[in-house]
Every structure is written in structure tokens, then in C-alpha cells.
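One structure follows; several queries about it will come next.
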């Protein structure tokens, strides 16, 4: 009977005190969607930056008179540089091929001789694509014999490091502050919702009800509110995805639909937040003597 | 006596129902500081981008054999390009001077002859610093006789346009969503706070009190809560400025202290929000018959 | 004058009121009697227009339940004094403030209010508790504050819903005498009560209610 | 057994209780009389430990106000039935649910609760309103629900604070008879009342209170 009462009471509470409950649900819903929406945007920016980093490469153009011994030494030396993840040898013929793919023109149609030099495409480990490390690596490579020219887009890295990374840090800070703020809003709203029913809590205590019995209807109420709020937020996020989808694909080359599962996280998070907040709120109004 | 009652009641309300009032103040305070903090960050990023734009320039290096007639024609043609705000002629001597300032070496110490070409530094109107417009302008300049080389950092503009501007748009969207969300949180909190005193509103109505008399204590309460919340937010923003000041100077070359007046905006905004929200909330609980 | 014409009130589970026809003339003292749940409070609530009749018309002085507006109801309630059965004091206000409320609402001067309120609180014997919060009073004290608040503004009709339910016999007599005095000064009083002992010899009209109907309307000269 | 030893309660503006010494033996019916504000409710609130004594000791059965804990107070309140002077029903619950609450709290089976609650609601004459929300009841009906809730769990002490204040004489007698019956079954009853007519011939102990003191403690065989 107790459990029946508790369930019924939770559902009934929700209906009979529509205003605070509706407000709690709205607060949870909006909080979650703001939080998850902003997090997602920040995450997308972050992964774009990472992708730019991943594509970072250093091109080594070799002198035309390089010997195969020199090439061996060069490769051995490249192997010794720990920041280098991978390198790829591009012969004169490969280069012509790439030229053809990129420019649609056969280099031999223009010149009889292939003027493109042999080269190496070097990829660094992701974590190593920072301006100073790259400069350091380039310096070491520069000392190797047989290299004509080193080309790399350090300015892009510089930009990432000076601006985009900062934006990331700021974004992270925003998410963090939002997390704190939203958490506070949800807790406060539920606390107020419980506050408006402190009479009921007092009466139950006067009738000798235990702490758990007192709290469970509210906890269950919090759970339901959290789940409904989570669904609300899921719906908001879904529409946000629909609207922003094309833009996202264009900007970040990212299919937003991939993260549509975010709505399920949202419901889960709502449920947890609802339960924790309501449980803590009821505690505030439990006291032994009414004069306390 | 009425006004005395109203003032007293507002202050008294605040004290006797500490919990909802404290929550309302906290909500206003946090909302305002999140909102203004995020807006400020976004604004700083925006002004940085604008600064980068402002510094954008196109360098025209002239052929060494250019005649002064050709230069006249060139200048006249530059005057005709409406996107150009300003240009500056840099003689061979000026160039040497700039070289000296930038590299600390007198060019004549190395060479007897000055190899630096004459040039023009062209500034576009701020609104015109977009990749396509710039390309268009450069194309037109290119057709002018006597120009050896045109140098400009279109890649930086490209980056701004592809990423930073996007970040700005996203940032704007975040601020907008936050504005809506925070507004809702504040309104809801105050509505709940009024809700927990709906008995009082009902009693006053039964005693024949007019609408204004009913609302004024709550409006005044909202005003006080808003002001206190605004002060709270002002304090938070102040510390945020203190903490972030060095970083901001480094990143954006921006003295955050300059915008310390933000705390006064914050109090003002708090007051307005508090009054509007409480006034609207009381309306919800005003009804003629208790059975409505 | 308060006049009910074919008034009915429907409630979900119970009788409410059924086809009530009655007049309470100005300046008269009327007693409403009847078992619990017979509709006494419902009748009174119709007079200060806390509820609407489901059918029929209630007329109170110049106001009619047929043409109501927020402004009219406000005026009506300002000229009717009500001792609510559940008192309806504002718990976190002092006795003084609760009693002063109707006068504050009407915008009297501070000095006038002070004099008036203190006199009346003295009359109901709560001068010692004048600054006590209404929420901490004993029930009997609350009831007396509710009575003070109802009569402080010299209403033209005074509705008293069981005004002595929480009072000891002695205080009950005091309160009843107070109501009689007010009636003598020209205010119509309509009082719902169970206290037959108290009103035994009172020369007032008795309206008996039974299951939402008026079973007897007995005028006494 | 309920025992007060040198108990005082201080309030901000008023007497509260001063140096109370009294014992209420098991199974006895005691009446507490006194003017409004004399401390009757305060005395009863001490017994169900809604307030702490400022000094002195209150002992209720195996529980003492000297050693309280949330758990002990919970147990105590489960074995004491209280008719609060202001009823304290949960407004948005039905009559049935309000009465069933003490049994639900103790974890009885649904079937037992249903039988028990329906019997008792019948006894107080509210079977017609069993599903009505407590917030819409008339005061007299509310009071009867409060009484039903207090006696439904067969408490070992029953505290009734002015349980007939909102009832007509007939219902008052019914309720009083109910309390008498419960007392006969072995429950100690302590009832604060103003209704001298109702208790006139009752052969019970009368405790007279005056300004926070016991002015008379008159046992009747």
C-alpha cells in the first residue's frame, strides 16, 4: 500500500500543483537543451580544430641531385625523430600523378621533362602539431643533407593556437559556468516547488511518517519531472539539429544527424538531475520540532 | 499610509519568506552574470576580429621603371575604386626606413644600392574586407600599368570568414538562447516565489484590495530582488574581470578594466527584470472568484 | 439589502444550495443555523461574491451577481465585513497589520488607522498581543483578530461565519455583544452559528438551513 | 502515561506554560478547560512533541522529551492520535486518503486499510463525501475527517484539541460519544474544549488552565 500511495501521490502531486511542476519541467528542459546544445557546438568546433591538426603535414622537397644513399640516411634520420608518426615517399612520377589529379593537366603535355622534385610527406603525431614543436622538428630536419625546401602551413597552426584554441578554452569555460548555473536553476526551481508544499511535509511528519516515506513521493515526482524535462530538451535539440544541420555540414563538414542520440542522454540526465534535486530539497524542510 | 504599507510589506516579505527570495536573488544574479559575461566574451572576440580586419592592407609594389605619369594615372585609378578607403605612397627611402625599424639594420650597410621598390599601402573600408570583394579589388588593381606585385593576406581573411566569423555567429546564437533561457528562469523563479504566497493575494482580494495595491508590494519586492541580484552579478563580473584580466590583455590586447562599468548595467538590468517578472507573476494569481 | 432570488449552487459531491429565496433587510440581525454541511458558508460566500451562483441572482445593496466586474466586486467587498470561518489572516503579519488592512486598502491616514485599530483591538482584548504575528496566535485569539478586521471599517453588512467556534463561553458573549452593538449602530449582521446556548434569547431572525435549502425563516419582533 | 514535570514554555509575547506538573494516567479521559490563550494547545503540542519544553520534562509512555531523536519522535507520533485544532488535513487529498494516511505510513495492507477507513468514515457520517478533496469540505466536515484520521490507527493516547468547535450540537454529541467509546476500548483521551454544555455531565477529570498555569485539577470518580 505504501508504494501504491507513493506512486499515486507523485502523479497526483504533479497534477494538483501544476504551476510549480510545469515550471520545474520547463526549467529542466531548457537547462538541458542549452547546456547540451552549447556543449555540442563547442565539441564540433573542437573536433574541427582537431581535424585541421590531423591534416597538418610537412612537405620535404629533395634536391634533384640527391643520391639513394643520402635518401637512406634521410629516412633513418626521420625514423629517429619521435614526433614523426609517419612519412611517405613521393617519387617524381607520383608527384606528376598528384599534379594531374589536382590540376587536371598532364605535366608532360606542357613540358617534356618532369620538373617536379621527389618529396616526402611527413605526418606528426596529433599531439605534436604545435607551433613550437613543429618549428623544432623542422629545424632538426633542416640539418639533414639533400633537402631543397621544407613547406608547411605553420601560419595555420599559429592561428589555431592563437585564436581557435582560445575560443575553445573560453567555450569550455562557458560550458562549465552554464553547468553550474543550470544546476543551480534546476535545484532552486525544485526547491521552490517543494517549498510551496511544505505544509504537506509538516503534516506527514506530525503523523509520524519516516524520512523515506516523506521523500519518496517528491523524489518520484523529481524523476518524472526530470524525464519529461529531458524529453522536452530532446525535442528542442532535435529541432536545433534539423535547423542547424545544413549549416553544420557546410561549416564543419559534420553530419549533425550522427549525434541525434543526444536526446537519449538528455532524458537520462534529466532523470538524474530531477531525483537529486528533489531529494535534497525535501531534506531542507524536514525538521523535528515545528519551532526549529 | 498605503505607500508606507507597501514599502514595509515589500521589505518584510523579503525577510519573512527568505527561501524563495534568496532563490530569486541568486537566480537573477547568476543569470545576469552568465549572460553579461558570455556577451562580453563574444563582444571581445568580435572586436578582435574587427581589429584584424581593420589592419588588413594590400601592398602594391611598383615596377622599378615606373614613370611619374604612370603613378598619377595609377593614383587616379585607385581613387576611382570605391572600396578603397585610403592609400599611402611609400617611396624607396620610406621603405628603407621601415626596413630599418623592422629589422634593425640599415639596408645601405649591406648594399650600396637600395633594392627596395616603391609601393602603395592600400586600406579598404572595414565592411569591404571580405575575401570575394578583396579578390575583386585586386583584380581591378592588377589591370593598372606599372605594378610589379600585389601582396595581401587573403588567407587570414579566409580564416576569419570560415572560422572566426562562424564562431561569432554561434556566439551570438548562444547569447540569444541564453537570453531567452535566463529570462525564463528569472520569471519562473519569481512566479514560484509569488505562488508560495498566493494565499496572501487571495486574502487581500477578499478584503477588496485593488489590483495595483495587490501588485505593488510584489513589484517593489521584485525591484529590490533585482537590484540585489544585479549587485551580486556585478560582484561576480568584477571578479571575473580581475581573474581574466591578464589573459584578456594577452589574447585580445584589450584592457578588461575598461568595461568595469558593466556592473552598473547589471544592477539596472536586474531591477528591470525583477519588476517586470514580479508584476507579470502576480497577475497570474489575480482572479475574481475563488472558484475560477 | 441582501436578496437571493432562486439561487442554486452546484458542487461536485454535495448539495451546495438549492433554489434559495430570501431577503436580509438593512440593519437587521439574522442568524443562520443548520447542521454542518447544510450550506451556511456557501450562502455567505455568495454575498461577498467569493463564488458565483450556478443559477439565480444575488443582490447586495447596489451590486448584483448578474453584472460583475473586478471593479464592482472590489467596491462590494470594501463595504461588506466578513469574519471568515477559517479566519484568513495573513500569518506573517502582526495582529495590528491584519486588522489595519481594510483601512489601508481604502487609503485612510496613518493616524486615523492607528487610533481606530488600537481601539478595536482593545475591545476584543488583544492589546497585549498587538505586535504578535498572526501565525503564532492561539485559535481563539485568531478568531478575535478576524472579527476585529471585519468590523474595523464600519461595513454596511457584516457577515460572521461561526465567529465564536473557537471561543470559550465568556469570550463568546463578549464577541456577541460586540456584534449586537455594531448592529445597533446600523450595520446589518448575518451570522452563521452552532452556538445555540449563546443565541438562545436573542430577539433576532433565525434562518434554518438543511441540506442546501432554507427549512425555516422565522422572524422575531 | 503522560507526565509533565516542572514544564515551562516561553513565548515571545505571551505566557506559554509556567511550571506545569501533572500526570495523565493510561486509559483515563481528561478534559482540559480554560479561556482562549490559556495554554491548552501548547500543553497538547508538548505531548506529541511538536514543540520542546523550554525547561522541565515531558514523558509520554516510553518516550521522554529529554532524549529525543527523529526516530523516537516518529515512533511516538505513530502511537499518539491527534485531532489538531486547525485540522491539518492535506487539502489536495481526498477524505479517504487523509484518513488512510496514518495506516499507510505504518505500512498496513491495502485491504485492511480500505475496510478500516471506510468503517470509520461511515461512523463520522461522511461516506457520501469519501472522494471529495479535503480542501473543499465545510469546516464541520473537515473537523470530522480530522477526528477520523486521529482514531483510525487505535492510538494509545488520543489528543483532541477542541474537536467540536465547528460542529452543531448534534454532531458534537456523536463525536463525543465516539471518543467515549474509544476511551472505553482502552485509549487515554485528553481533550481540550470550550463546550461546557457538551461535557456537563461527563464523569471525567477536568483540568482548568489559566494563563499558562493549571488552576485546578479536579478528578471525578
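Per-chain numbering from 1; labels A, B, C and D assigned in written order.
Convention: contacts are C-beta pairs under 8 Å (C-beta built on N, C-alpha and C of every residue); 3 or more make two chains touch, one makes a residue touch a chain.
Since we're looking at a predicted model, the values are computed, not measured.
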Check your understanding: From the centre of subunit B, which chain's CA centre is farthest?
Key -> D
Study note, to complete from the structure: Note: subunit C sits from subunit A at a C-alpha centroid distance in Å of 66
Review point. Centre to centre, by mean C-alpha position, how many angstrom separate subunit A and subunit D?
Key: 61
Check your understanding: Any idea how many Å lie between the Cα centroids of subunit A and subunit B?
Key -> 25
Check your understanding: Which residue numbers or ranges of subunit C touch two or more of the other chains?
Key -> none
Exercise for review: Determine the shape of the graph in which chains are vertices and touching pairs are edges (line, ring, star, complete, other).
Suggested key: ring
**Study point:** Touching pairs among all chains present in the structure
**Key:** A-B, A-D, B-C, C-D
Check your understanding: Along subunit B, where are the residues that touch subunit A in the complex?
Key -> 19-20, 23, 26-27, 30-31, 34, 37-38, 41, 45, 48, 155-156, 159, 162-164, 166-167, 170, 174, 177-178, 180-181, 184-185, 188-189, 191-193, 195-196, 251, 284
Exercise for review: Would you tell me which residues of subunit C are touching subunit D in their complex?
Suggested key: 11-14, 34-37, 41, 85-86, 128-129, 131-132, 136-141, 143-144, 162, 165-172, 194, 196-197
Point to revise | List of subunit D residues in touch with subunit A within their complex | key: 48-52, 68, 70, 73-79, 82, 84, 88-90, 92-93, 97, 100-105, 107-110, 113, 149
Study note, to complete from the structure: In the complex, the residues of subunit A that touch subunit D are 1-2, 4-5, 12, 16-17, 199-200, 202-211, 213, 288-291
